[in-house]
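A, B, C, D, E, F, G and H are the chain letters, set down in written order, and residue numbers restart from 1 in every chain.
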Amino acid sequence: MKIGAIKKVLRGVKSGHVSVTQAMDTLKNLPFEDLHFAMVDHHRSLRTGYPEVIYCQGKTNRQIAMIFEKLLKRNKNIMGTRASRDVYEAVKKTAPDAVYHEAARIASVDREKIKKSKGVIAVITAGTSDIPVAEEAAVTAEKLGNEVVRVYDVGVAGIHRLFAGMDRINRAGVLIVVAGMEGALASVVGGLVDKPVIAVPTSVGYGASFGGLAALLAMLNSCASGVGVVNIDNGFGAGFLASKINKLANGRKK
Amino acid sequence: MKIGAIKKVLRGVKSGHVSVTQAMDTLKNLPFEDLHFAMVDHHRSLRTGYPEVIYCQGKTNRQIAMIFEKLLKRNKNIMGTRASRDVYEAVKKTAPDAVYHEAARIASVDREKIKKSKGVIAVITAGTSDIPVAEEAAVTAEKLGNEVVRVYDVGVAGIHRLFAGMDRINRAGVLIVVAGMEGALASVVGGLVDKPVIAVPTSVGYGASFGGLAALLAMLNSCASGVGVVNIDNGFGAGFLASKINKLANGRKK
Amino acid sequence: MKIGAIKKVLRGVKSGHVSVTQAMDTLKNLPFEDLHFAMVDHHRSLRTGYPEVIYCQGKTNRQIAMIFEKLLKRNKNIMGTRASRDVYEAVKKTAPDAVYHEAARIASVDREKIKKSKGVIAVITAGTSDIPVAEEAAVTAEKLGNEVVRVYDVGVAGIHRLFAGMDRINRAGVLIVVAGMEGALASVVGGLVDKPVIAVPTSVGYGASFGGLAALLAMLNSCASGVGVVNIDNGFGAGFLASKINKLANGRKK
Amino acid sequence: MKIGAIKKVLRGVKSGHVSVTQAMDTLKNLPFEDLHFAMVDHHRSLRTGYPEVIYCQGKTNRQIAMIFEKLLKRNKNIMGTRASRDVYEAVKKTAPDAVYHEAARIASVDREKIKKSKGVIAVITAGTSDIPVAEEAAVTAEKLGNEVVRVYDVGVAGIHRLFAGMDRINRAGVLIVVAGMEGALASVVGGLVDKPVIAVPTSVGYGASFGGLAALLAMLNSCASGVGVVNIDNGFGAGFLASKINKLANGRKK
Amino acid sequence: MKIGAIKKVLRGVKSGHVSVTQAMDTLKNLPFEDLHFAMVDHHRSLRTGYPEVIYCQGKTNRQIAMIFEKLLKRNKNIMGTRASRDVYEAVKKTAPDAVYHEAARIASVDREKIKKSKGVIAVITAGTSDIPVAEEAAVTAEKLGNEVVRVYDVGVAGIHRLFAGMDRINRAGVLIVVAGMEGALASVVGGLVDKPVIAVPTSVGYGASFGGLAALLAMLNSCASGVGVVNIDNGFGAGFLASKINKLANGRKK
Amino acid sequence: MKIGAIKKVLRGVKSGHVSVTQAMDTLKNLPFEDLHFAMVDHHRSLRTGYPEVIYCQGKTNRQIAMIFEKLLKRNKNIMGTRASRDVYEAVKKTAPDAVYHEAARIASVDREKIKKSKGVIAVITAGTSDIPVAEEAAVTAEKLGNEVVRVYDVGVAGIHRLFAGMDRINRAGVLIVVAGMEGALASVVGGLVDKPVIAVPTSVGYGASFGGLAALLAMLNSCASGVGVVNIDNGFGAGFLASKINKLANGRKK
Amino acid sequence: MKIGAIKKVLRGVKSGHVSVTQAMDTLKNLPFEDLHFAMVDHHRSLRTGYPEVIYCQGKTNRQIAMIFEKLLKRNKNIMGTRASRDVYEAVKKTAPDAVYHEAARIASVDREKIKKSKGVIAVITAGTSDIPVAEEAAVTAEKLGNEVVRVYDVGVAGIHRLFAGMDRINRAGVLIVVAGMEGALASVVGGLVDKPVIAVPTSVGYGASFGGLAALLAMLNSCASGVGVVNIDNGFGAGFLASKINKLANGRKK
Amino acid sequence: MKIGAIKKVLRGVKSGHVSVTQAMDTLKNLPFEDLHFAMVDHHRSLRTGYPEVIYCQGKTNRQIAMIFEKLLKRNKNIMGTRASRDVYEAVKKTAPDAVYHEAARIASVDREKIKKSKGVIAVITAGTSDIPVAEEAAVTAEKLGNEVVRVYDVGVAGIHRLFAGMDRINRAGVLIVVAGMEGALASVVGGLVDKPVIAVPTSVGYGASFGGLAALLAMLNSCASGVGVVNIDNGFGAGFLASKINKLANGRKK
């Protein structure tokens, strides 16, 4: 262990066996990471009560259960995204108190209460088929300690539905807009509300939607300024970014 | 004229100079189009007063002037699309009564009055940069005998501007929506109005608009039903299709 | 109900309990949609007998059956597109009078007779593999009250078949052309007939058809003017747009 | 003015000349936007001192000068993005106090002091060629009242340069990462700092960068959570979004 | 038969029962193809012994069996491409003399002997995985009456294998080169042999082969002149085109 | 000349000055191509009177003139494709008898008469803008000793024009179809005529033609069997391939 | 064996039974490869102990078992890549001493010891999902006689993990970096270490990763110089290339 | 300066004012980069005589001249890639001993002799248009101290030219293959020679070469194992990587 090596040098300096110049040289030539591993990651220690996150897709049930088991030795809160019910059943054998958020496809263990932030995050969808992605965003944001308001199925083909939801949307400081097909909702919301908008294109659609590409390009080209876009179907990323923004605004006292 | 040739054969049969078998052979071996040319093209004859259309891009000024000269021997009305002012100057030498629609980039000769249809076509744009394409659509529709109402710069980033224009939009039976960037306007208009919508993506934008691809895909994936899409920047095609639809509805008496 | 709230304000004004200034404030701050919900959507009320439409793909049988059940409380006519036979079986438990249009993959309940329009819509396909998309278009148009003539399997590789169908095609005022592979049929039909053409690219093909992209691009670049394109395999959209056009021309008396 | 019209109706109700039912009808049939125009846009009134923004690309110098002239009648602060020096010279004739931010390609008139927010926005670039886009972001954020710290040319090919800039980066609450080529900097920064990151892909590169597509895709697929992406070269959008986030966190007291 | 109808008219003219004007009208209004059907399609009559071709993919076994049954009433030879063994089993119930070419995925009925042409067609593959496509080409060419020589697994990674096959390749007048991955074989063969080369890209490969796109683009950009390319995996089309070329050269005496 | 070297070795063996083992070693170590150069290239010797071909694009006038000069020492006939008039002027200084085919953008020196083949190649275009590519194909085929018939501007939007040209098309044994935009002409021609068709997509078009991609994909997906496709705008390649096919059929007696 | 044939000719020449002219003819007409086969392939003879490689994907278990059986008659070492456990079970029936490298999906027979090279190859992955591709690279390199050090799951989102692995990475002379998603690890490693880097994009990711395209483009555009890229998921190719480089540096004594 | 801070801590330890534990804490919390800047980059010090490299594209002449001036204060050797002759003229004012490699578009100052490595790098091109990219690779490799052999214009359309160059190619330990169009040369060379191959796709070509995409995909899908690919037209990167490989093999003694 290199920490020991540094201590040794310092002790040598103390005892006079090592000159300051020699010590400087030794310190400079220590392998890079020895000293700074902690620093790079010490912001992690600030995140008390935050869940560790496992991306379950492409892993076997057994692998996921093992990762949960291992992480639970050092963590109170864990969430697994893109988790099927099968995954959840496997996790439950390891962690009987695990819960399953079906719509969000998230399995979680929540043994420590997360300190709630003050602000509100709105999650808005164009259609009902966008809800799984929206729920991934919403549950992620909730697990990270944010209040979430859901305004679903308010796509631009019936824009009055969006207007009917404006009251609830206006409560939020950060908006997540989830839409497939042509993704126009992000632009309309971005034009109506003067707050940060995170746009999540979804793979909902067919033909020339090319698996969400149409919505992605539309959102990147939004004529409404102040829209940040995440990957297609990336509800988790949107929830995570919204949480960061909300914490920045409201999480100071922690 | 080949119709004469057929008549001659039939008269020969009648008079007995031509046997039925000979007549059969003659008819079979007549060049394909002789009989059917008329049918294939006879809708042309219905289009009295309609302009012949020349796509000027990629042609030299001299070529365009020559085509105008030649066509004017058989036609009263001609329009050249994608025509620069230079093209117009060249055409004017041949046809001093030619006029230039600068915003639409259309040079035209209008020697016969076109019978006006009853209906109205609305041409709507998201931004001011979409106007050249919109004008190409609008002037095309006007040259084909339609009344056009223009509602420009009503993009979804400031949706109140669109609502402010709804009165004028509601006068029309057919709508042309011209938008670049994310092309969301087509979906919003398509959701507000229960009339045929022709969407024209434009190459307005940069980066991930990929020359209009973003708007094109968005319009093809519109969550509003009843939207037909034409090629990027194809104002002429949109004006032409809108005119066909309007004539179908209102042009019967001609 | 907010309409009641507005009435209450007005009555307050009338009785003198509410000043004009107070009433102005109240009205201004009423949630956006309360007043205008009706207007935005009142064209819906004109569509008596029209079916509500459910896009079934990506929904579970149970979800679809529930939506049917719910909608049937307020609607006489409902159609579900992209419905497998399984979906239909599930719907039938809720609505025993539901019928299934197998080729079109449409399940429908038709409890109120739709007023027929006068005009005719022609649905034309290049090949037999394009028929499911064509039937989606045709049945949609029929459910919306249009007469439909079908001209199938008349692709350009054997162009005489198309000519053999011209009589029937000429009966129609609006044409829907459904084609996969290279999608050339739209251009040929668009060149032969002076009527609005709606082109539907299909995903029929392999290799460099790229799931319908080849046909889509071909139709967007059609050298025949007056062709509007919808999304790949979007039979419903084509039928819906054709119906709008046909109603515009023939549906006035309703 | 329509507000007057509503007042008139209310006064009629008050005086008894208008019945409640008549008033209801009148209100319902008022053009859509009359009542709500203000609401839709009233967040604008909160933005005292904010500049109006003109996107200059694709407009003639004369058009831009005219827009500046017109806007200056109602606004104190205006900024024109994607403005060449030529544009600036044209604007200066109208507004002699206009200034030009050469690197950012922004021409601005700043007649009212913008209230400064407390937080800091860091703008970070991978290379020197990314600086024009970065400056567009930085100057935009400054014009909107934010303090900006610039950390340029710290791309991952020499990651020590990034580490050398961490002190300055850590001062900021919101980070804008501007990178072309493979865009890896966004992921590295996103992994080092637990704050909202806005990633701006640039068109810097050649060959398989495909005009910024490579960087765009990389940023959308960032393995670091909490990265929002804007369009290729969209420095303005990034600065605008960063400002919204920073205001949310620090702009409350205003 | 319409030819009869025309004859009848002519006889009527002859006998005086039909006036010339009436005859003209009748002829003009005959459905388009009646006169020309024969011409358009008369090359079909030359193809005695040629198989009718059914593209089986996307059709049910039952549909295919029915088409075979129907066609066998008018045809002696039929081939079904993209036919699984299942398809073949279904066909055999209708046509017990059907045979199955497993590697080529072709089911055929061959009741009339096809006249053999003189020339030889070489089918060359880069790898063993390209053989199914190559066999589709080879069996197609054989069914159309051509002699085929197969030179398989001679890809450019071991170019000596290709040279070892040159003797057999040199026997042929037309070459079909079938290759996936980078498709380089077409260029190498095209550079070695001064004969028409038909290149067939295959979907063999993974990753950046993008389903055959890499090979397709490579073949289209071949530095060897005189290479014609067909669709990805289109063995049938290559065999058909090669047969046309070979017949042109050698099929005259038939 | 290396053939001499081999002879020398053999004579050494004969005379006993060279042992069999030494001869084996010498032969094995001869540079690869010495023996086989002739074979690899001996088809060149058959091409008496054929032009050497220079692709001029991307070369300077001076480079091209030098290549012409050098080649003319060993060749009678040379053609430069993609040659501007400037290129021609530069070539003329070296070869005063050079001629310029303006429409085809080909500069050529023709000092030896090419033996004419018997067959005819038809070059067909959809529009007038496709003519430069078509002329490149036609002049190439002519320089290679083929008779060419040109049938221009017969695109499918006015299909009667194509039918009017069928007589001339039917004279040919090989067809080259040149079309931009949606490229439908290749399928229509391929369906009408039972002869090899070479399809040349052109970059004529705009927007979603994506520089000829739309036409390219359409031609690759042609529903007409027996269509071989070359690169976008590759008139030379089409003419070269057509010549190979025509020679195969008609060039035997040479 | 043809070498014998040549010897025979030479002996004939020596003995006078064969004239020099006859010998020339014979040599010229020997199949191309006879003489040069050895040269083309003689590097193979240097590869004593190297495994023959079979790409198993797309082959049936039976085919693979047969290829193993056949190859084992002439080879001691064989490896099959992209081999499922099923494939392995099939191979084991033929070669009971076959072993299965599960993570690498490689089945191998290793009957001759491979001479080890001196250098070390490092295989580095961004995430755990990249391990199958990394193992394919690592096992390939090992089978080819290289020492491999594995440094897994050190992606840039937690860059301290990479620094912690630098000691092991610095032992290697050639680096293989395996990463999906945005593929940034290749640039970071390429910037830290002055050694050849082979980058392997993987298909790990979703949405806008487009099956590995995002990582592929990122790696091709790496701002770190000296990065060579192989196909998506091509672990074998990377291991093979790394081995070539390592042998070049360390394999001289063999 | 932080180095001073560390010294201060060490002196405190020495004097007894700072305990070892306190010193450990202080060192751990020092900003990351202070200690390690040198280490991260100290491999640079090993590269004595190596040029600094400037990518000139997109920089003004004045900027480039300034960078040269600044770098020359600390460096003996500098090279600027993608440098036009104009750039060179500007550089020469600052550094009169600068030289210009026209074909390679490289301007360089070479004031210190670079130690030559032993190995040879071969740079091979398919055509003459690929030479600028090839020269960029070759001159880069030479500036880095490698011997380079050039084998140009040996594309696969005339494969005997490649074979004629094999002797020179076989001298090299590392091969760079530069090819546009279909890029087949990389596969052929990779199949002939058992050495590391670096493939450079070029943008040479037109139409479906899509700016070098065709060659890029072909090279990534090469059927020859052991090919590493760099970005389109990236001659510098290829030369740099080849040099790294060659140094690894031959540069040890330095």
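Keep this in mind: contacts are C-beta pairs under 8 Å (C-beta built on N, C-alpha and C of every residue); 3 or more make two chains touch, one makes a residue touch a chain.
Everything quoted here is computed from the prediction, not taken from an experiment.
Undergrad: Determine the set of chains touching subunit D that also touch subunit G.
TA: A, H
Undergrad: Specify the chain most distant from subunit E by Cα centroid.
TA: Relative to subunit E, the chain whose C-alpha centre sits farthest away is D.
Undergrad: Centroid from C-alpha atoms only, then distance subunit D to subunit H, rounded to Å. What do you get?
TA: Subunit D and subunit H have C-alpha centres separated by 39 Å.
Undergrad: Averaged over CA atoms, how far is the centre of subunit B from the centre of subunit G? Could you give it in whole Å?
TA: Centres of subunit B and subunit G (C-alpha means) sit 59 Å apart.
Undergrad: Going through subunit C residue by residue, note those that touch at least 2 other chains and give them in order.
TA: 32, 36, 40, 158-159, 192, 207-209, 213, 216, 220-221, 225, 231-232
Undergrad: According to the definition already given, which pairs of chains are in contact?
TA: Contact pairs between chains: A-B, A-C, A-D, A-G, A-H, B-C, B-D, B-E, B-F, C-D, C-E, C-F, D-G, D-H, E-F, E-G, E-H, F-G, F-H, G-H.
Undergrad: Write out the stretch or stretches of subunit H touching subunit D in their complex.
TA: Subunit H reaches subunit D through residues 31-33, 36-37, 40-41, 57-59, 201, 203, 211-213, 216, 231-234.
Undergrad: If you look only at subunit G, which of its residues touch subunit F in the complex?
TA: 3, 6-7, 10-11, 13-14, 16, 20, 23-24, 27-28, 32, 35-36, 38-39
Undergrad: State the interface residues of subunit G toward subunit H in the complex, per the touch definition above.
TA: Answer in residue numbers: 40, 43, 46-47, 53, 173-174, 192-196, 198, 216, 220-221, 225-232, 236-237, 240-241, 243-245, 248-249.
Undergrad: Going by the contact rule set out above, which residues of subunit C touch subunit F in the complex?
TA: Result: residues 126-127, 155-159, 181-184, 187-188, 190-192, 205, 207-210, 213-215, 217-225 of subunit C touch subunit F.
Undergrad: State the interface residues of subunit B toward subunit D in the complex, per the touch definition above.
TA: Its residues touching subunit D are 128-129, 158-160, 163-164, 166-167, 204, 206-209.
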